[in-house]
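First chain A sits with chain B, and in the next complex the same chain sits with chain C.
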Partner chain A sequence: MRKKFIYFLLNEAGIGLILAALCIGFSIFVPNFASLHNVTNIFTQISINTVIAVGMTFVILLGGIDLSVGSVLSLCTIVAGLFMTKEGVPLPVAISGAIVLSLLAGMVCGLFNGWVSETWKIHAFVVTLGMLNIARGVALQVSGSRTIFSFPKAFNEVGTLTFGGVPLIFIVAVTLVLIGQFVLNKTVFGRLIYAIGNNEEAVRLSGHNTKRYKVSAYVICGAMVGIAAILYMLRLNIASPILGVGFELSAIAAVVIGGTSMAGGKGSLIGTFIGAGIMGVLNNGLLLIGLSDFIRQIVTGGIIVVAVVLDTYRVKFSHMLLK
Partner chain B sequence: MRKLLSVVLAVSLLILLPCAAGAAEKPVVGLVMKSLANEFFKTMEEGARKYAAEDGTFELIPVGMNSETDIDTQINAMENFIAKKVDLIVLAPADSVGLVPSVKKAVDAGIPVVNFDVTLDKKALVDNGLPENFLFVGPDNTLGSELVGDFMAEKLGKGAKVIIIEGNPGADNAKQRKEGFMKTVEKYELDLLASNTAHWETEEANTLMTNLLTKHPDVQGVMCANDSMALGVVKAIEAAGMLGKIEVVGFDNIGACQQLIKEGKMLATVDQFGPEMAANAIKVGFRILGGEKLDGWEKTPVKVVSAADLK
Partner chain C sequence: MNPVLQVEELSKSFPGVQALQRVSLDLHEGEVHVLVGENGAGKSTLIKLICGMYPLEGGKMTYKGAPYAPLTPHDAIKSGIRVVYQEFNLLPYLSVAENIFFDSLPRKHGLVDFKKLHSDAERVLDRVGLNVSPTMPVELLGVAQMQLLEIAKAVSAECSVLILDEPTATLSPKDTDNLFGIIHDLKKQGLAIIYISHHLKEIYEIGDTVTVLRNGERVETCSIHDVRIPDLVAMMVGRKMESEYPFRDDIKQTGKVILSVRNLCFKGNTNPVSFELREGELLGISGLVGSKRTETLRAIFGADPKEGGEILLNGSPLEIGSPKEAVEAGLSLLTEDRKNQGLVLDMSLSANITLADLSRVSNAGLLRVSAEREASKKLSSELGIKTPSIRQLARNLSGGNQQKLVLAKWLFRDAKVLMFDEPTRGIDVGAKYEIYLLLWELLAEDKGILLVSSDLNELMGICHRIIVFSNGRITGDLKREEFSQERILECAYKEYIG
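Coming up: the complex of A and B.
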């Protein structure tokens, strides 16, 4: 019985234990860390990375990767920003149009990534590296490399909405995590994502069109980036062709810290969400302690490696328990 | 590799095309720019083109790069300019050490080089057999940030509590701007609560400022090393409901920040006249071609921009 409980704790709570430990540690040693105000801030700060990481989880579960998310996010903000600031467009049309365009831009980039890499059997690393440059170039070209601002006041105000201390953009992020987790666990599509990540050939031989599922995962990733772009604009009220540099690395880090295997087939969105939480909590807590920029960078990097190493022991240990 | 190849092709095309077209005897000026992805350099390049078109006495060949760190493109451009025997090279180096050997080659080939925007490294210059006080045309970043810092300190009064948001650690202009802010801090005996980097980025500056506000809710002023970060800082202050209690100054004078200054959400920024900077460097270059011997630092203007200037 006790064995079973420990097994459950290790397997299901997993990396969440590390997040809990960090939160408890910071709450004890850092004044203000556990204040409602600070928790609200952390929620806001991890929302965008969480949403991108949800999409990233889908492609990593397949054994793929998407390096283009930062550039595509920037492109989505430009497309949406240009539309929203167009003269003479009625407000509701401007805002809803911007959201739709951002989603579409993201999905088109995702479709390109998935379709090209699947049709010619090129590793997604290369194709999405290409897309990283293409999307950035298009964003710069279309915007004339200028920052777009002066969005409608109503739009900017929505960005600061909170419900009992919980920011709207965080609610969007959590909702997407839950929907995504449901899709992965409870739908045929989701189970096939895991199956393809484990053994693509077996899935293909059992009569499934694996290409279609794989391309869909990249389109989902693109859609998530499109949503993240809107959240970015809500939070900072700008659209810029130079934003989002390095976002792919934060998203991949969240996914991997969350226990998803880079080889595919294993992982969960709850894990990804916790991974994004760990990064946000570290960034916030270490600053509040008063560490300098460089020490903070070293400690963050160290904790990421330690967390993932500990996770391998967790998996080994829980397998031992099962025997 | 393919990227490199395409860049080399593009650069050689850029250089060969006007060469084939323009048979006139006008002097040729090669302009080596930094990343045109950056709004600041983009307007600078446009300014240089405009100057060349208005002046009409010389032919301008501008070359940009793909990213801030793409120094191969700059080195290739320098070599192409030398091979083409242009009359003058005007260079904004992406790497203050890496470009020095190319400068030496050009000087040896008898082509005057004007260094602008970022200074070439003194030690690298000497190592390559060039004078230590090699001509540099550019703004005084330290003075600019000191001026805008002082402008804020005048408003806040002596001993005010302030925060500095730094640029990329290691970048020369980031160091100089922090130095300028530090002069303000000393002069006005300000209480420096924190000085952190947000790597020039809006989102990172927003996260950083939000967290700093938790730690130091009593802060009165924030000095940002560029305007992109000021955007994120102002948004953080706004989200915390502390607009009007905290003054923010930036650097670069971008459109989005002019808007914030007009709305009273930001106090001031620094204009270093980017559009004219490359054009100024070209003008200085023509003084050399006219026989003048120039070295040391030809300073270009910096100016504090506040609501009074943006009517």
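Coming up: the complex of A and C.
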């Protein structure tokens, strides 16, 4: 009985155990960590990475990768920001138009990534590396390398909304995680994403258009980046052609810590969410301890590796228990 | 004169199969010893034992007067026994010289001595008559040149025994002649050569001695000029019946053609292929490995591009450009390689069963989990798939159960024409029998089945009709009363003899 419980814990809770351990550890040793204010802070800090990582999970589940998310996010903020600050556009149109444009910009970039890499069988690493530069360049060109602020007041206010200490942008992020998880688990589309990640040829020979599904995953990733861009603007009230540098690495880290295999076919969005949580909690906790930015980077990097190594032991150990 | 390599009573078994049974063979210096036999006769197994791919199980070998028992392919190479496989083992982006001496690059002060490397390479290239620069990247070579490069690699180091596995399979007649000239030279230099080929005519140009294998046993060894081609074919046939085959003659044969393939052309095939499949018919496809049986099925199914010809289902032409279109039209293809092309190994049994027809267990894109569970439970128990749960991963099933799982996938799809490529390979007799019974049930539902198999007895045991492929051409169309191993093999070898 106890064995079964440990097995369940290891398998179902998985990487969540590490997050729980971190939270408990910081709560005990860092005075302000568990305060409502700080928890709200952490929620806010992880929201954007979570949303990007949701999209990234779809792509990585198919054995792909998207390095362009940071630049594309920046481009999306510029497109949305320019529209929102346009003279003479009524407020509701300005805001909803900005959201739609941001989504569209992200999806177009995703479509390009997926379609080019699938049509010419070029590794997504290369195509999205190209897109990383293209999107950044377009953002700089379109904006004249200016940062845009002075958004409508109503828009900025929405960004600060919280519900019982839970920020709106965090609610959006969690909702996307749940929707994504539903799609992966309960729909034909999700089933085929996993199957293609495992064995694309078998899926193709079972009569499916695998290219369509693969391209869709990049479009979904682009859409998530579009949403993340709006969240970013809500939170920081700026749109800039130079933001988002390194976002792709944080997102990939969240996905991988969350247990998704870089080779594809295995993983979940709940895992990704916990992965983003681990990164956020670490950053926040270490900052409260008073570690410098440099030391925090070293520790965070180390923990990413340790978490993934520990995870391989977790899987081995739970298999041993089963025997 | 003592033989260079003496093989005595080698045996090897795999689960359920005795692949090789007390086979002996003497190989002399300056001799080309030809191995012939139909698919599964034991040629490859014998070679793999000699070159250390499989450990010795029974029997012994003597090489240059000393006992020889290689544990790894590297042992064999070190002692001077080299194999050139049908699939090349070259590094495409490295130069010709680097490929030849990859294991033992000459060094000077810890760096590669390119001057010596290139002069050594030139000497070896000369020896096999390959006229290319040692610095040329291998990817730029043609097939025939790569073949010679493989031989150059083999003879570059100490080599007394050279094994060539179907070296002419992909060569043009001119390149084949050239290769034979080189084999003659190597022979004169004292090499002992084992030569495996389907091409019964060409072995007369090159061989000295011939050994015929059948069903894992040696049938005959003699000088090649003492036997004629028909004698060889006669010696190859006669594999033992391994199990009973359930042939049912109560299946209604309406004679209605369901699938008609007309002048089908695809990459690598110069002869258009045409045949017809009728309702309730189990049509066997025989032929040697490489005779384009598998490729034909794949082209029909749209798995590989088609270059011409027509496919008609129930009289109406099909436009099939992808497996998706084929499946939607009512075709299915159970591929030979179940692990890489048939199953999603790291997914559950039930996910694999429903993979080809997810619309049956979904509603507006949403999976109906309970419907899927019921359907897969039903099918897996009907097929007798032995598993603790339908949530079990496909990877954890035995070979026979995996094969049944692929079958279950296509049964779930409910296709009109089922194409099976080696559905019983590598599974035990009991599971085979169950699969045959399943085929009959399908036929009783007015479906048509195309069955590719390398097992002649199986084809003869269960098919209504057999068509035989030989080097990409259909050379035989035999009705059940015309079945005999001699007839089938005669057709299978037809394009290789003349």
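Throughout what follows, the second predicted complex is superposed on the first by the 323 of 323 C-alpha atoms of A that agree within 3 Å, B and C clash if a C-alpha of one lies under 4 Å from a C-alpha of the other, contacts with A are read in each partner's own complex, and residues count from 1 in each chain.
Just so we're on the same page, a residue touches a chain if its C-beta (ideal position, glycine included) is under 8 Å from a C-beta of that chain, and two chains touch if they have at least 3 such contacts.
Bear in mind that the values here come from a model prediction, so they are computed numbers and not experimental data.
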- [ ] Identify whether chain B and chain C fit side by side or clash on chain A in the overlaid structures.
- [x] fit
Open item on the list: According to the stated criteria, A:Ala195 is in contact with first (chain B), second (chain C), both, or neither; which is it?
Closed with: second
Open item on the list: Students often get this wrong, so check: with C-alpha centres, what angle lies at chain A between chain B and chain C, to the nearest 10 degrees?
Closed with: 120
Open item on the list: Applying the document's definition of touching, compare chain B and chain C: which contacts more of chain A?
Closed with: B
Open item on the list: One more residue to check, A:Tyr232. First (chain B), second (chain C), both or neither?
Closed with: first
- [ ] For A:Gly265, select first, second, both or neither according to whether it touches chain B, chain C, the two together, or no partner.
- [x] second
TODO: Report for A:Val89: first if it touches chain B alone, second if chain C alone, otherwise both or neither.
DONE: neither
Open item on the list: Is A:Phe149 touching anything from chain B or chain C once the two structures are fitted on A? First, second, both or neither.
Closed with: first
Open item on the list: Can you work out, in whole Å, how close the C-alpha atoms of chain B and chain C get once everything is superposed?
Closed with: 19
Open item on the list: If we count contacts the way the header does, which residues on chain A are in touch with chain B in the complex?
Closed with: 32, 35, 37-38, 41, 44-45, 48, 133, 136, 140, 144-147, 149-150, 160, 232, 235-238, 240-243, 245, 283-284, 287-288, 290, 293-294
TODO: Would you tell me which residues of chain B are touching chain A in their complex?
DONE: 3, 36-39, 42, 169, 196-197, 201-203, 206-208, 210-212, 214-215, 228, 231-232, 235, 238-239, 254-256, 259
Task: Contact set on chain A toward chain C in their complex - done: 186-189, 191-192, 194-195, 198-199, 201-209, 265-266
Task: Residues of chain C that touch chain A when the two form their complex - done: 301, 303, 322-324, 326-328, 333, 335, 340-347, 351, 355-356, 358-359, 362, 365-367, 369, 409, 413
